[in-house]
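Look for chain A in each of the two complexes below; its partner is chain B in the first and chain C in the second.
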Partner chain A sequence: MGELEVEKHAKYILAVEKKKDDFQSVVMEHLRLNGAYWGLTTLDIIGKLDAVNSDDVVSWIMQCQDESGGFGGNIGHDPHVLYTLSAIQVLALFNKLDILDTEKVANYIASLQADDGSFAGDIWGEIDTRFSYIAICSLALLHQLDKINVEKAVKYILSCQNVDGGFGCIPGGESHAGQIFCCVGALAITGHLHLLDKDLLGWWLSERQVKCGGLNGRPEKLPDVCYSWWVLSSLIMIDRIHWIDKPKLVQFILDCQDKENGGISDRPDDAVDVYHTYFGIAGLSLLEYPGLKPIDPAYALPVDVVNRIFLSS
Partner chain B sequence: MMSKVTVDPYELLANLENILDSDPHIEEVGFIHPSQFAAFDGEGAVIPSSSTGNTFEVLDEINKPKSEGASSFENVFLYREHKLGISSLSLFLLYNAAKDAFFTSYRSYRLSSDPLIKKAAEIDVMKHSRALLLLSSDFGTAWNSRKMIVSKKSLPSLLMDELHLSALVLSYSPKSERSWSHRRWVIKMIAQKDEDLQDIVQKESVFVKTIVGNYKMNYRAWSYRCWLVSYMSITQILHELQISRDWAALHVADNSCYHYRSCLLLKIIEKMHHDHVSDCLPHVEIRRLWQQELDWVASLINRYVGREALWLHRRFLSLIWMKHLANDDDQIALCNSCADNIENVSRFVKDELIFAQQCSIVPDNDFEDYEAQAIHSADYIAWLAKQMPVSFFVELEKSSHYETFKLLLYQNGKGSLWESMAASWRRSA
Partner chain C sequence: MDSEDVKENRVPFSNRSEWSDIKPVPQDDGPNPVVVIDYKDEFVETMDYFRAVYMADERTPRSLDLTREAISLNPGNYTVWQFRRLILEHLNVNLHEELQFMDQIATKNPKNYQIWHHRRWIAEKLGVGAAHKELEFTRRVFSQDAKNYHAWSHRQWVLLNLGCWEDELSYCDELFNDDICNNSAWNQRFFVVTKSPLLGGLDVMRDSEIMFTIKAILAKPGNESPWRYLRGLYQNDAKSLLNDPRVASVCTEVLLGGSQYVHALNLVLDALIHQFQPGEDLKGAIEAVYSSLDLPDSTSDSELAKRVCFILEKVDPIRASYWHWRKTTIPSQAL
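Now for the complex of A and B:
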């Protein structure tokens, strides 16, 4: 029996944003920009983005920018593509992308592409297909995809495909739904989905659904609400969403809510957090749950935000 | 009424850093509630001294009473036998002190042009970042500051210190992404100067093994282990396959460890393809190895009923086996004789169908998951049919197992998907 407690979740997100007086909250400080993306996108999906003062958020985000053009997770923290994408996405939500020195940000991201087409997360050189997605998604939103070698980027991503059809973080890495979302998203944005064996990948993704209806991220693992996003958006992008039981998944997500205090957890009766609240609601949006704004599976932003970026320039 | 003892957070920080300085062999860190300190018999309980924090006192008292005047901050550090426990109640104060001290010294290090100030700041950055990372393992800026300092010097011992710190952080935070990536950075730095990495790669693989024992399917840990494979010689790969076998047999639900085996096996094939005559296995050896792995997985499947990871590993093994036997265009042929290939495929299909058929029998037994086993066996055959040429499906459709097989697929919700695939195969066959 389920209903999405929209008001409670909005209240939860707004409260979490203010909490800074215990260890659990401060120990997430270095990734606050990611937290801002999760919280604010959720608010937008449920139609409550105006509960937040956009000027305050925007000014804080810009203080997170480093002289390299990249963004750190919080003020004073080193830049990394993880936070750079979140910065771009949040500015997009508020329709404030024009305050960015697009050239500068794009140059930072493009400088992280290696010879083999892969992307590092920052100047220290850690390579991961997540960073390929982040680079491609960021640059696409900034209309600067031509700053990188797209063909090589695609080639590298495909080199990370495994025998089971999935993708890992590096060539030979275990297939993981999160990494798959990144690879499929990158291929979708650059128009290379035709290079995928969609049946093979769809098969792997459909096997993520367990008996209770939830989705896991890899074989033998417990279901987790965040995979409602990564598996679902991947299936939508490769047009195999009908290979899973959607109503069962909806029920699973709704069961992960804390109906008293708001927020969503990884699985029923666990502690809630902003991360899982976002992915649960984003997943429900993909499943066309009533009352939620539709979300773009590749850009992970509301469709109206994406349209604003691509249709009005 | 309990009187509150105010504690200077920077004094707490200094105490922590002193403990870390005094013992280069600390191997484990954990956060514990101070009520659990008593469980360690009070021996070795450390309290911050009232002086400037350069010394710490070790108490011999057993069951220190919670008397008036005692504040919850008195039992902050529990240090014994190279293991350090930190009171969970002190973490907030410690974290803020460490973060402030770190940022102050990092700013000073980066902005100062005076060599003396810079040198002093460098020592502080290393000291404070270490404490900070024990509290917040993914504080990327702290890891970066260490990379910045260490990369400017040419001392191998410094790189070893970084491996030690990341091992310490991973002892309490085994999934910490930044800790694993810092480790990878260190190995890459070592690789730049050292031709021979065999020893360190070996040690790293053993290290990962200790971490993955504690936490099932740790993705970052196993990815790190797969990454190490690219540095391994064929001898090392064969050694890894052998020594990880027993562990795998004890962890049949750990999909990551079976993926690791497939990683090692694929590397063997890749090496053959690249014609490195000195560092590859002869064809007949690879076939023997593959057959051994197939037989071993079959025995595990029969013993541990209904385990998904085992069936998935068999999918991988069977597919690679058949693809190589079938001698596709640019696939490497394991068997040079073409005429035998088609027969080998046909025989293999029949054998696999018999195997799947045996596994699809569901006896009246509540103790084992035979139902799951049956469904896995059907999924296995269906998956193979999808990857292989139509001849596989033709054999399958002819077999006595076909109807049971279809029934199992319907049970698992894959019935109509199968029918549409089968229809297109019949058209093309």
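Now for the complex of A and C:
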């Protein structure tokens, strides 16, 4: 059995963008807010969030906010819901949500809902169930769900359900674990899970586990560590997590580590990145790997952070 | 112009006379950057000049070219794409030329969200006339990666909004010839059969589709997709499916084949749970599989569904918990 190299992963995340002449770091510039969410949430799960100066992060995040109320991926970038959710989530990690003009952010997100209940990512109008989840998750964390038409949002999401019980990015789109996470998460947050055929979807999700123990995102595709999150969190939300072989999945994730330099990759022996490091560790948390903070499967934030938002007065 | 061309022939902006009036704007990472990035020189310079024209809202041919260079260096930067769209609209650029540019960069970046979105935006403006070209484009993408999710979303959008359904079913056939396990192609087939205005809908197509799917199953019984497709044709009514003698027959045949029978058995199990009465051939095939494995001895007819679960727990151990649960859902009459 392998072990989770917690110290190495912490070091990797803290050093990730300090590499010189690394083109990968350079091309991530416009989505650094996503990178911050992946890196910082991972640090929180492994109990090392205090290695980061929260004031610096918070002030940088606020500079990413556009006059529309939405956030861009970095300072000077156009707003998009993708980065708006990451901003909210990172502020939540640091218990700094009160710094936001909640009304303004909520209005930006709500303005992106279309007549059929779907959501665009930004003013340019791309529609995808990912954005339905992002809008609903963001607004719920801000206690502003009543700014949108929740019934229509749910109706649109259900229209993207396929006969196999899964969900695609638009009606008729192939069932895909990432899209399924988004749709199930949105239904969970809005209290509509009862509208799902959990047995049918649970079976589809359990079939994502391949012989080596890893999970893929669609039939006949290769396993990838990020599906440890998308598939697993979906299974947990519909109470069917016991339908996969958990020890085998744990072993697969552990095998995807770079045990020397830290970080986790999509599958064993590939190059690591922050995205897969987060999803691997978040997946291990869902599998109750010892020493990790529990993570909420719908909000994708540590449970104590979610409780702080919803349970304190 | 791709990123290699940019490197070889590149003259720094600071040496280009047509840019001499612009003061480049460096990336502002705030006073104490969270993470310090060391950028490559040409990328730095290009983005500094981009920021200058973006903040000045300069929508000119030179800024259009600049966005092209920035995109070639980093096609993921969505702010550059958005500004490019503003310039294209302002200058009223021929969008067919823009599509040519898209064709060039797409091959190196088949999964880039911004590129697909930009393409959709162009196609929307060009309208119905763009349908054929867009279908051709996705076809080229599929020749490299037949499961590219973005390309399938785009193709579906084109069909629904711009039309051109005529050859879609036969295109699915082509893809199946390359790879019968292509789940995206199976999903597309269902999409066409249910949504094409030319075919008459699921009820009309069901019979021929069952024949088609059975052939695919016999070619590779362990392939998950045709089994799901089969269920889809009957909207998950497993009992009605198994009451079709052709379906019962293919399940029997797969079982007698002695391997790759998990999906077949699962379908039979669903039907049994819903009071399906199997014929002697199918019963015999199940028994043959059961006795080939080291399982508890049992001869009672009424325990058929339970025995199917025992088989599945044994031959698909990674999902043992699921099959165990299925056993608990067997109604007492079916036991």
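By our rule, the second predicted complex is superposed on the first by the 308 of 313 C-alpha atoms of A that agree within 3 Å, B and C clash if a C-alpha of one lies under 4 Å from a C-alpha of the other, contacts with A are read in each partner's own complex, and residues count from 1 in each chain.
By our rule, a contact is a pair of C-beta atoms (placed from the backbone, for glycine too) under 8 Å apart; a residue touches a chain by one contact, two chains touch by 3 or more.
Note that the coordinates shown come from a computational prediction; the quantities given were computed from them, not determined experimentally.
Once the two complexes are overlaid through chain A, chain B and chain C clash, as defined at the top of the document. Chain A has more of its residues touched by C than by the other of chain B and chain C. In the superposition on chain A, A:Ala36 makes contact with chain C only, while chain B stays out of contact range.
When both complexes are overlaid on chain A, the residue A:Gly214 reaches neither chain B nor chain C. Once the two complexes are laid over each other on the shared chain, residue contacts for A:Gly117 go to neither chain B nor chain C. In the superposed model, A:Gly262 lies in contact with neither chain B nor chain C. By the document's definition of touching, neither partner reaches A:Pro302: not chain B, not chain C. Within the superposed three-chain model, A:Val16 lies in touch with chain C and out of touch with chain B [touch as defined at top]. In the superposition on chain A, contact of A:Trp60 is made with chain C only, not with chain B.
Applying the stated touch rule to the two superposed structures, the overlap between the chain B and chain C interfaces on chain A comprises residues 21-23, 26-27, 29-31, 72-73, 76-78, 80, 124, 126, 163-164, 168-170, 172-176, 200, 203, 207, 218-221, 243, 245. Considering their complex, residues 16-23, 25-27, 29-32, 35-36, 52-53, 56-57, 59-60, 63, 72-78, 80, 124, 126, 162-164, 168-170, 172-176, 200, 202-203, 206-207, 209, 211, 213, 218-221, 242-245, 248 of chain A touch chain C. Residues 88, 91-92, 95-96, 99, 103, 135-136, 138-141, 144, 147, 181, 184-185, 188, 217, 219, 222-223, 226-227, 229-230, 253-256, 259, 262-263, 266-267, 308-309, 312, 315-316, 319-320, 379, 383, 386-387, 413, 417 of chain B are the ones touching chain A in the complex.
Remark: chain C residues 27-40, 43, 47, 51, 54-55, 74, 76-79, 82, 85, 113, 117, 120-121, 147, 149, 152-153, 156-157, 160, 181-184, 187-188, 190-191, 194-195, 223-225, 228, 231-232, 235-236, 317-322, 325 touch chain A in the complex.
Residue ranges of chain A in contact with chain B, taken from their complex: 21-23, 26-27, 29-31, 72-73, 76-78, 80, 121-122, 124-126, 163-164, 168-170, 172-176, 199-200, 203, 207, 218-221, 243, 245.
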